[in-house]
Amino acid sequence: MDEKALRRLLRRVRSGSLSVGSATDQLKQIPFAELGYATLDTHRHLRVGFPEVVLGEPKTVEQLLGIAEALRIRKQTVLVTRLQPDKAEALLKRFPRGQYHSQARIFELKAGRPARAGRVAIVTAGTSDIPIAEEAAVTAQAMGATVQRIYDVGVAGIHRLLRRRAEIQEADAAVVVAGMEGALASAVGGLVGIPVVAVPTSVGYGASFGGLSALLAMITSCASNVATVNIDNGFGAGFYAALVSRGRSRSAK
Amino acid sequence: MDEKALRRLLRRVRSGSLSVGSATDQLKQIPFAELGYATLDTHRHLRVGFPEVVLGEPKTVEQLLGIAEALRIRKQTVLVTRLQPDKAEALLKRFPRGQYHSQARIFELKAGRPARAGRVAIVTAGTSDIPIAEEAAVTAQAMGATVQRIYDVGVAGIHRLLRRRAEIQEADAAVVVAGMEGALASAVGGLVGIPVVAVPTSVGYGASFGGLSALLAMITSCASNVATVNIDNGFGAGFYAALVSRGRSRSAK
Amino acid sequence: MDEKALRRLLRRVRSGSLSVGSATDQLKQIPFAELGYATLDTHRHLRVGFPEVVLGEPKTVEQLLGIAEALRIRKQTVLVTRLQPDKAEALLKRFPRGQYHSQARIFELKAGRPARAGRVAIVTAGTSDIPIAEEAAVTAQAMGATVQRIYDVGVAGIHRLLRRRAEIQEADAAVVVAGMEGALASAVGGLVGIPVVAVPTSVGYGASFGGLSALLAMITSCASNVATVNIDNGFGAGFYAALVSRGRSRSAK
Amino acid sequence: MDEKALRRLLRRVRSGSLSVGSATDQLKQIPFAELGYATLDTHRHLRVGFPEVVLGEPKTVEQLLGIAEALRIRKQTVLVTRLQPDKAEALLKRFPRGQYHSQARIFELKAGRPARAGRVAIVTAGTSDIPIAEEAAVTAQAMGATVQRIYDVGVAGIHRLLRRRAEIQEADAAVVVAGMEGALASAVGGLVGIPVVAVPTSVGYGASFGGLSALLAMITSCASNVATVNIDNGFGAGFYAALVSRGRSRSAK
Amino acid sequence: MDEKALRRLLRRVRSGSLSVGSATDQLKQIPFAELGYATLDTHRHLRVGFPEVVLGEPKTVEQLLGIAEALRIRKQTVLVTRLQPDKAEALLKRFPRGQYHSQARIFELKAGRPARAGRVAIVTAGTSDIPIAEEAAVTAQAMGATVQRIYDVGVAGIHRLLRRRAEIQEADAAVVVAGMEGALASAVGGLVGIPVVAVPTSVGYGASFGGLSALLAMITSCASNVATVNIDNGFGAGFYAALVSRGRSRSAK
Amino acid sequence: MDEKALRRLLRRVRSGSLSVGSATDQLKQIPFAELGYATLDTHRHLRVGFPEVVLGEPKTVEQLLGIAEALRIRKQTVLVTRLQPDKAEALLKRFPRGQYHSQARIFELKAGRPARAGRVAIVTAGTSDIPIAEEAAVTAQAMGATVQRIYDVGVAGIHRLLRRRAEIQEADAAVVVAGMEGALASAVGGLVGIPVVAVPTSVGYGASFGGLSALLAMITSCASNVATVNIDNGFGAGFYAALVSRGRSRSAK
Amino acid sequence: MDEKALRRLLRRVRSGSLSVGSATDQLKQIPFAELGYATLDTHRHLRVGFPEVVLGEPKTVEQLLGIAEALRIRKQTVLVTRLQPDKAEALLKRFPRGQYHSQARIFELKAGRPARAGRVAIVTAGTSDIPIAEEAAVTAQAMGATVQRIYDVGVAGIHRLLRRRAEIQEADAAVVVAGMEGALASAVGGLVGIPVVAVPTSVGYGASFGGLSALLAMITSCASNVATVNIDNGFGAGFYAALVSRGRSRSAK
Amino acid sequence: MDEKALRRLLRRVRSGSLSVGSATDQLKQIPFAELGYATLDTHRHLRVGFPEVVLGEPKTVEQLLGIAEALRIRKQTVLVTRLQPDKAEALLKRFPRGQYHSQARIFELKAGRPARAGRVAIVTAGTSDIPIAEEAAVTAQAMGATVQRIYDVGVAGIHRLLRRRAEIQEADAAVVVAGMEGALASAVGGLVGIPVVAVPTSVGYGASFGGLSALLAMITSCASNVATVNIDNGFGAGFYAALVSRGRSRSAK
C-alpha cells in the first residue's frame, strides 16, 4: 500500500464511506496464506511478476498437495522444482491437468497465460549439463519467454560455439550452464552484448568439488556482462533471464 | 562479419569490384589494436554496446597512457577502474578533459554521449560499502543510466529499507552492495520485482573472510531475482545493471 | 560436594556419627556412572540445571538402553536426540511411558516436572527447516519453556515476518532456524530486542555447502543480539534459549 | 505502530481531530536520521534496549563526527568500536566528555545511566586475548552490567581455571575469549550452568587461520550452554551477555 | 581454413568455378556432428591428433550408443571413459568388436592404427591407485604409446622406488598416480629427467579430503619437471604423457 | 648394507671367496616381495621395528589373501586395518588362527611375540569415538604395549577426566581420540607430562566437517606435548604411541 | 591466593600463630603466579618436566619483563619464543645473562641444568626452512637433548637424504621441517624406525597456502611413525622430540 | 651407478686394478656440494638435463652468493628466480657477466650453451600476467628453447586468440598464463594439438582468492592436453615446456 492509496483510504474514513473496522482490516490485511507448515506469499505475483515457486525436493507429498491446492484456489500457476518422480506422480494424480517435465524435474500446473517475455538462449558446455539447462528452459517458458536451446558447445572445441554466436546474440538474455572449469560463461560473455546468467553445475569429478570450481570461475569472469546464480540453480537462471528479457524484448519493438 | 556481409563480399569478388587481395585483407582484418603489452578489443563497442574498460590497479602508468591514447584515437570512451590516485594524476595531466571519481576510484574520459539506458537503484547495507557502490554508480552513469543512491539500509534495521521500497521498485534494475552476512540482497530481492545484481564486499572482519561469507549468502539467496558478481566488483554490477536497464527502460514507454 | 558439605561430613566423623569407612565411601563417590562405554555425568543436573542429554545417532541400541536405564534409576529425565525411528522403537518397548517426537527425532522419558522457564519463540525461514525447529521446540519444552512456533517466514517475502514481529518480541528468547543464505537471523535480530539463538541448517543445495554458508552468514550477522550454534543443532539452540528464558521470564514478574 | 495505536489514529482522523495530512505524516514517519552516508537507526534504543553502536574502523573521521553528533543531539549514548587511536583523538577533541578505552579500542560518550543489568564474567585463554576481552567488558559495562575479569586460564593448565569456577558460576552469563584451538569455551561450558557466549580470536599463527580453527571448535562445542559470535567480536559478546544478564539478574531477586 | 586455402577458394569464386552458394556453404561448414544432446567435435582428430574421447559416467546408454555410432561412421576410434559395467555391456552388444577394460573402466572400439608414440612409464604409490593407473595405461596405449607399469612403490618404503629408477628414466614421459600425501610425484620428479604428469587420487580417508591433499602436494612440488592433472583423471594423464612421448620418442632416433 | 658390510663383501670378491655374479646378486638384492599389484616392504620389520601393516579397505579379497600369504611365509605378523567384516571372514577361513577385532576392524595373524613396549593410555571424549580408540588399542597391543582404556571423559564434564589423571600420567604415552571440537587433546596435554598423540575423529555433524574442526583444534593445541595424526587414524596413533613407549618404558627400569 | 589471604597469612606469621616453615609451604603451594594479565603455571615444571614457555610475539615488553621476572624468582628457566629482535634487546638489557638466538627468535635465560634427554635429529627440506628448524633445535637443547642438524635434503634430490640416513636412524627422535608439498616427512618416516615429528612451514608461494598444503601432506602421511604439529611450530616439535628422546635415550643404555 | 657399471667396478677390484679403498670411495661418492645451509644437487644437470635452479626470494644475499659461487666453480649455469632487485644488485656486483631480467625477476649467469630445445609459445590472458609469463620465457630460453610471446588474448574477446591460433599450433609446447577465471587454458587446449602447460596467476581480486580459482579451473579443464603447475610458477612452466619441446622439436626433423 503506497502513499497515494493510503491517502485515499484515509479520506474515505474521514468521509465515513469506510468504517474504522474495515479500514483497520485493510491496513492489517496481509498477502499470504498460512498453511501451518508454510506461509505462502500469494502477493508475490503482483510484486515480482510471477507466483511463488515451490522447492519440491525437501517437502513431503502432503505439504506439496496442500501448497499446490492453496495456489490453485487463488488461480495462480503452480511450479514445483527439483521434484522427485514419485512425488510428481502423486501431484499428477490429484491435478491431472498438470504436467511433469521429467528431465527438468519440474511439475507445472498452468493458470492462464503468463505475461509475454522475450527470447532467452540457453547454452550448455556438455551433454551432462542438460538437466539443469532444461530446468532453466521450462522455467523461462512458464514465464512467457521463447527459448532457444544450444547444447554441448564447450570451450574445449570452441568453433562449435562460434558457429552459434548469431543465434545467441539475437536473444534478449542468455543462460550459460557449465560444470568443471566453467569457462563457457566467459567465452559467451565475450562474444555477445546481452546480459548472461551463468549457472555452475555439480557435474564432474575430482577438483570440480561439486560445482565450486565452476562457481569461482564464473564469479571471477573477466566478461562484464556475466552474473552468476547458485550451483545447479537452473530455475533461478531461467527466472532471471526471463525477467531481464521482458524489458529488453518489448523495448525492441 | 555475418553471413549476409559474407555473401555481399563474395559477390563483389565475383563481379571483380573487389580484388582477391582486398577481400583476403578484409576477411583477415580483425578488430583489435596491438600494443605489445595489450591487445585492445576495439570492436567491443559494437559487440557489447560499450568500449573495453581497463582494470587500472595492476598496470603501470606507461601502459595506462598507451591504452588510453589508443582508445581516444578511436574516439572511444576511456574508463579505467580500480585506479590508484597517483596514477590518476598522471592520466589527468595527459588528458586534462578527463575526470577522476576519487571515491569510486574511476578515471573517465568521455567520447560523445552514451546510449540511453534506464534507471538503476544502488543500495548499500552500510556506510563502508559506499566506495564499491560509487564504482557501480559511476559505471552505470557512464553507460547512460540514471542512478538512484540508497545507502546504509542494512537488514539489522529493516524498517530503513522498507521505507525506500517504492524508490527501488521504480528502477529498471537494482545493485545491492553488502559485506559481512550480505543479507540485504535477499531482502531487496524479496521486496521488489526487478532484476537485482548483488555485489559482496570485502568490508568486515573475522569470519567475513574477505567477502567470502557475503558471496556465499548472495549466491544461495532464496530470492529468484538475484544474480551475483565478484567480491568488490562494483564496476561489473553497474555495467550489468545498466545493460539490463536499457531494454527495460525503453520497454516501459 | 562443596566445602560446606565437606566440613559437615568431617564434623560428623569427628563426633563419631559417621564411621571412617562410610566417610571414605562418600568422599570417593563421584558424580558419574561408569557404564564402560559411557561415563554418565549424573551431577550435571545440579551443575547445569538439566540432566545430560544423549546424542542417539552414533550409539547402538544396547548402549542407549543402558544409558537410559542408568538415568531413570537416578530419577533423571531422559532425552535422546537425533534418534533414528528403529532405535526409538526399541526404547519405547523398554520404557512404554516414554514418548518419541518423530519430526524432532527426540525420545523423551520424563521424571517429574522441569524447572519453570520463560517463553521461547521458534522461527524458521522455510518449510524444510521445520525438523530442526521441532528439535529445538521439544528440547525447550522439556526444559520448562513455553514455545511459540512461527514457521516459513524467510526474508524473500519479508512482510510475512513483519506481521509476526510482536509475537517474537513478547518472548524471552528466540531461536531462528534457516538454511541457504541464513539471512533471517539478522532480520529477526534487527526487529526485536531479545537474545536470538541462530541455527544454520544443512537444508539446501549447491553453494549452501551443507549449512556452511548459513553458518558464516549468522556468525557475521550485523545484529548484536545474535549468537550462533552448530549446523542442524536444534537441540543446542532450544537448550540455550530455554536457559536464557529462565532468568528473563522470572525477572519480568 | 501497533493495532491499538492505529485504531486510535484512525478514530482521530474520523473525528476530524487529526488532519489527513498529519495522519499521513505520522503513518509515514520513520525512526531514523538520514545523514547521506548513514541512515541512523535512532529507535533501536526502544526496540533493542541500547542505542545503535558504530563500527569505527572503516569510517572516516568526518563520518564519525557526524554520526556522533546526530546521536548526541538525540540524547543517546555514543559507542564507537574498533576505533583507531588517531580517530579517537579527533572525537575526544570535539566531545571532551567522551572517553577512549585504548585497550578495548572503544570511544564512549555517555548519555544518562544505562538500564541495570546483571553480572557478566569475562574469561580469556591467554594474555593475547585481553584486547578482545576488554572490548566485551567495556561494552557490557556500558549496558549496565557488572563485569568480573578472569584472564589467562586456558585449558593447557586447567587447574588455573578450576580454581576460578565459583566466580564464573556466580555470574548471570559468561563471555569466553580464546584463540588457537578455542577449547576453553567447552571447558567453561561444562563447568558452569549459565549461558556462555564464546568469542574466537584471530590471535595465533599457522593453522589457527585467523581464528577459523577456534570458531569451528566453539561452534561444534559439546557443551549445550555455549553459543558463538564472530571472530574478534568482543563487542557482540559483551552486548549479548549483558542482554542475557538483564533478565537473569532481576529474576534472582 | 587457413589463409592459403582462403585465397584458393576466393580465386575459384572469381573464376566462376565455384558458385557463391557453394563458397558460402564451405565457408560456413563446420567440423562437428550435431546429435541434439551432443555436438561431436569430429575434426579434433586433425587438430589434436586423437579423436574426441567420451566421458561415459553421466551419459545415458542411448546417448552413448548415438555418439559411438556417429564416431564409428566417421571411422574414428571410440574411447569411452569412466564407464559403468552395465553400460559397457550395452555398448559391447551393439559393437561386438569393441573391448571393455574393466579395471580401467574404458570401452574401446578401434578404427585403424594409432600414430606411433613413445614409451610411457606409469608409477603408483599403492595398490589402491591401480584403477586410475590402468585408465592412464589403456589411454596411452590407445594413442600408440608403449606402457611400462611400476606399481606400489610409494615413498614410505623408498628403496622400492629407487630400484626401478632406470626403467622410469628410459621412458619418454612418466605418469605418477598417488593419493593421500602424494609425495611420490616429487620423488620421481627428482630421480629422473623426463616430464612427469602427476595424478592425485581420491583413494584414502580423513584429511586426504577426496584427493585435495594430494593435489595440493603435487601442484606445489619442488621438482620442476612435474605438472598435474585433475584428481582421478587417469585418462588425461595418459593422454598428456602419450602426446609428450610422441615427439620425444621420434627425436631419439 | 652399510659401509662395513660393503668393505667386507668387496674383500671377499678380491680374495675370490665370492664370485662376481654372487656379489652382484647380493648388491642387487632388495628387500621386497613383488606381487604384481603390491610391492611388499618385507624389511620394514628391521627398519621400523614392526612389519608392514596392510590397509584393508580399498583392496580386494584376492589381493589381501596374497599379501597375507606372502607375509606369513616370511614369518611376519599380519595386521590388516580398516577391514570390512565380509573380507575378514574370507581371511579367517584361509587363516583360522587369525583373529578379527570387529570393533577395531582389524584382522591379526600373530607370528611370535612382539618386542616389549611400555604402557599406553587410550582416552576418548565420547562413546562414539570408541571404534577408533579400539583400532589404536589393538595396534598398540600387537606392538607389545600394555593398554589402559579411559573412555567417554570429554571436557564438557571435565571432572570425569580429572579423576582419571593419575592413570594417564602413569603411562609412557597417551592416545587421545576426540571428534567435534577436539578439546580433550589440549586438556589431557595440560594435565600430564607424557607425549600425547591426538586422533581427530569424523564422528559428529554440522560444522565438525568430517573431523576437520577437531583436526584443526588438535594441530593448534596450546599444549606442547601434543602431536597429531590423520582423522580416524587409530592405527597410526596406536603405532606411534607404542613406538614412543618402547624407549620410555625401558628407560624407567 | 589473593591479596587479602596473603595479608592474613602474613599477620599470622607475625603473631607467631603460623610458623615460617608452614607459611613458606603455603606460599609455595598454589601452583600459579597471578600477574593480572597472566596466570603463570609455575608447577608445570613438576607436571610436564619443563617450565612454561612464553609466546613472545603478541605480548608487550612490559608483560614479558613481568613474566620473566616471575619465573626467574622461582628459579625456573625462561624460554620466550617467536620473539622480535627489539623486544629481545629489552629483555637482554634487564637480564644480561640471558641469550637471544636470533635465527630461532628465542630468548633463553637458563636456571640450572635441564634433565638429560637423548639425541634429536633435525632435518629440513630446504634452506628457507632453517629458521623454524633452529627454533626446534634451540628448544630441544634447552630441554637437555643433543641435536644433529641435517639441512636442505628435500625429496626433489632424494640421494642427498639417503646419504644421511644412518645419522637420522641413530637419533632417538627426528624433527622434519618442510614447506611446499612437505614430502620429506613421509620419506624420512619410511627410511628410519624412530618417531618422527613433522613441522609444516609457511615458506613457499602459490598453492602452498601458508603451509596448509604441507600440513595436509604430513597429516595424511603413509608412514606410520609420523605425527604432526602446527605450521611453523618449531618450538612444539623440538619440545615433543626432546620429550620422546628422554625415555628412548635412557632405555638404550 | 647401474648394474653394468657395478659389474665393471667389481671386476676391477677382483683383478686388483682398483683398490678396496678406492672402490669404497666410488661406491660412497655422492653428487652434491654441502654448503652448511644448502646441499647443492650438482648432478642434477646429468639427471634432469639442467642445473639446479635457485629460489631467490627467501634466501639471504650471503646464501645466494655462496650458492652461485659453488655452481660457477662447477661450470654450471646459475639461474636464480623470484629475486628481489636489491639482491640482484649484489649478485651483479660479484658476477658482472650475469644478467638480471627485471620483469621476470631472474638472475642468470650463463656457462656455455644450453642443449637445443624446440619452440615454446607463451600466451597470457591479460597485461597483468606478463611478469609471470616473462619468468617462463626467460627460463625456457635459458634451457635452449625459442620463445614466441602472445600476450593479452583472454577469452573475454576470444577473436584476439583465434587470430593467433596458427602461431601457437606451430610451437612444440605452449605455456598459458592466466588469473581470475583462468579460462584461457581450456580455450588454447581446445584450439591446438600440442601439450599445454597452464600457470594460474595470483593477479586479480575478490573471489580469485590469490589464484585458487584459476588453479581449480585449470586443473578441471575439459581439454585433455592441459596440465598445470603452481600458482605464479612461471619458472616451472617454462622449464616443463622447454623439456617437452626438446623431444618434439627434434622429432619433427
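First chain written, first letter: the chains are A, B, C, D, E, F, G and H, and each begins at residue 1.
One rule holds for everything that comes next: a residue touches a chain if its C-beta (ideal position, glycine included) is under 8 Å from a C-beta of that chain, and two chains touch if they have at least 3 such contacts.
Because the structure is a prediction, the values reported are computed rather than measured.
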Determine, among E-F, B-E or C-D, the equivalent of interface A-D; equivalence here requires over half of the contact pairs to be the same by residue number. B-E
Tell me which of E-F and A-B has more C-beta pairs in contact. A-B
Inter-chain centre distance, chain E versus chain H - centres from mean C-alpha coordinates, in Å: 24
I'd like to verify one number: the distance from the centre of chain A to the centre of chain F, where each centre is the average of its C-alpha atoms, in whole angstrom. 55
Can you compute the centre-to-centre distance for chain A and chain G, using the mean CA position of each chain? Integer Å is fine. 59
Calculate how many whole Å lie between the centre of chain B and the centre of chain D, each centre taken as the average of the chain's C-alpha atoms. 38
Sites on chain A at which at least two other chains make contact: 3, 126, 156-157, 191, 206-208, 212, 215, 219-221, 230-231
Name, in rising order, each residue of chain C that touches chain D in their complex. 47-49, 53, 118, 166, 172, 191-195, 197, 215, 219-221, 224-231, 235-237, 239-240, 243-252
Would you mind writing out the residues of chain B in touch with chain C in their complex? 125-126, 154-158, 162, 180-183, 185-187, 189-191, 204, 206-209, 212-214, 216-223
Per the contact definition, I'd like the list of chain B residues that touch chain E in the complex. 3, 6-7, 10-11, 13-14, 16, 20, 23-24, 27-28
In their shared complex, chain E is touched by residues of chain F numbered 30-32, 36-39, 41, 44, 52, 55, 57-59, 63, 82, 200, 202, 211-212, 215, 230-233
Given the complex, residues on chain E that touch chain F span 126-128, 130, 151-153, 156-157, 159-160, 163, 203, 205-208
